[in-house]
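Let me give you the structure first, and then I'll get to my questions.
Going in written order, the chains are labelled A, B, C and D, and every chain counts its residues from 1.
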């Protein structure tokens, strides 16, 4: 942290939220087009996907509620919004285009919730908050891409929706590292706890033992 | 823009939204505590406030719908949310605390909408979107602070709500310049148009002439 | 209106909203299963569909923004919510089931927005409000079924979202007439204007002429 | 239920949701003006308030999260929305007007959440859902007035937000009995469980014992 950023510490930003009583996993936009530098990928997204495999597997074994998001638009343009106007290549992400599918390494299994969305946030204009609320979730472990885009938007809205967001720093990625780092800073100071994958898995395992006991 | 950020251009981010048919002005959290480095201020927030005076005046003369936001919490803590847990000093911003008042230079006049909020976004869990929709607004000129916090959150949600966001780059400020710059980059690439104050005033005047004609 | 209901008049409920500057058409859940008494249909839904054909055609000719809703759930149950628990037969309404398709008489044409939803309201947890806001709409003509269910929920949320709702009384229907009538009463007193189809078409035509002039 | 309404049973509406793991209490608009027939009151609202005293007391003893709503508008009209246009007398309900205060029998104590709202639903454009989600609530006991207005809107949005709504039939009231009955029918068939007060208190006590055990 540079000297300029000391102001955050003096103003007492960045307190810890911690885990609540029941966690869910949110996997944001880990789809083929974001793993392809010719479309929306690049940077450290590939490594973030690889590191996420073990976390997803751990959450499945602990039977946590899991949700995936995909960006999906209609082929006839009938649902094109301001986001598509700002980023026109999003229009390729139709329901049946492989570019819009969750990457093979992290493919959802039947019964896992796959949310189609048309905006950065996984919560805005969707039922995701209601989905997790109905399952009694109060804490959301969040992975995906991009850190400066749909991850940040979803983390903020998770907090705004009443879920404690845990951002897994080595399981989120971005097409360029400067925005990745800048957004992790903002998230950690204002909206979420930042943790590495292995520490998250250990904390979830501890929560699971406590529920059983 | 560094070489690393060329990827945004290659992937065709950052297209222009332009103005629609009717604009409103949103003034985000320009309140006393954000103009005070001992509380939440610092950086370039003061100059942003000064430059906003003429823009506010122009919007009033053009009779545009104007809304101001204030962060306000209950003194008994009954409405404290995760945001307050992350940033505990927010608790000082009660209804009657001068720290929560809009700065004198930009004080609302009777009939202007002053929205109390408890979250970064001016739209999340509020009626702001409905307020502007009912007035036929499709474009929102956005000023305020902080760029990396409540401004960014409000700009994103303006776009998600169907309003074209115009971020006035010399009328938004932040307690530290690195996050200010990093967030302007994200906003301009993905969610909003970036314009300087005088260009915005000129564009609004042109819209006003067109409505009259 | 019975003597008991005079209280609404004494308390000055039921004032008129009128039309704004730009109207859209919302067609709620006119799908095959709601036109089939063995599934969710019955009552006066069939006649409401028949009467809606001419209104839809008029709106298309006037080039108004038009949106249709369909209730759609995943076949694996991954998105089943409390509404499905309350009304279990909703689970048959999967993406490819003809029961979930808009009725043939009112089938959407390419470019018209077809919104999948999982809840009564067409606005809750969806982007419908943003869709109409981005098009500058401030008034929504609403038809569909059922009056006591998804129509009422959507009319209320239209008003809450800042759109003046016009409920077309002879183009909404319900599986039983008592709830149909009771809900029209509530809507007219508190949230919307009630008008018959031909008066709506005339008013829309007048708005269209005014825009051109 | 009349013969006409048998269709609901044949179509298998009205299944039971039951209680989840943690309940909260929502008290909708039990304010002075709704207990005054000259303003918005009448019918069976008074008796519903009286019967609610014991339920509120029981919830306080069980330390359940409790939220109250008040309709509150600005004196300068700056926040007047379509609801006020439809029902103009709502404008009297300003922050300091006794007409907008929760009735004395049910007055909130410090630390209980009092939500100002400007719309029928306690959830639309508010943080109420986030408030209960952050507290781990998955079930909402709902009382208040009017059954055909703000109660119904709030019950629907509770369900849509992922909370199982329990409507306490003898602790909700309306200015006229026909809409009261018609709306209880709709709520019980489609969105909520209907229970009498004493059965609710017994069920909450059983949940509390289970949590302790």
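Here is the rule we go by: contacts are C-beta pairs under 8 Å (C-beta built on N, C-alpha and C of every residue); 3 or more make two chains touch, one makes a residue touch a chain.
Remember, predicted model here, so these are calculated numbers, not experimental data.
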Q: Any chance you could check whether B-C or C-D wins on number of contacting C-beta pairs?
A: C-D
Q: Over half of interface residue numbers shared between subunit A and subunit B means same, under half means different, so which is it?
A: same
Q.
From the mean C-alpha coordinate of subunit B to that of subunit C, what's the distance rounded to whole Å?
A. 34
Q. Measuring from the mean C-alpha position of subunit C to the mean C-alpha position of subunit D, what distance in angstrom results?
A. 25
**Q.** Residues of subunit C whose C-beta touches two or more other chains
**A.** 81-82, 119, 125, 127, 129-131, 134, 160, 162
(Q) Under the stated contact criterion, what part of subunit B meets subunit A in this complex? (A) 2, 4-5, 7-8, 11-15, 17, 37, 39-40, 42-43, 81-83, 85-89, 119-121, 124-125, 148-149, 153, 156-157, 159-160, 162, 164, 175-179, 182-183, 185-186, 190-192
Q: Would you mind writing out the residues of subunit C in touch with subunit A in their complex?
A: 74, 76-79, 81-82, 110-114, 118-119, 125-127, 129-131, 134
Q: Can you check the complex and tell me which residues of subunit C touch subunit B?
A: 20-22, 127, 129-136, 138, 160-163
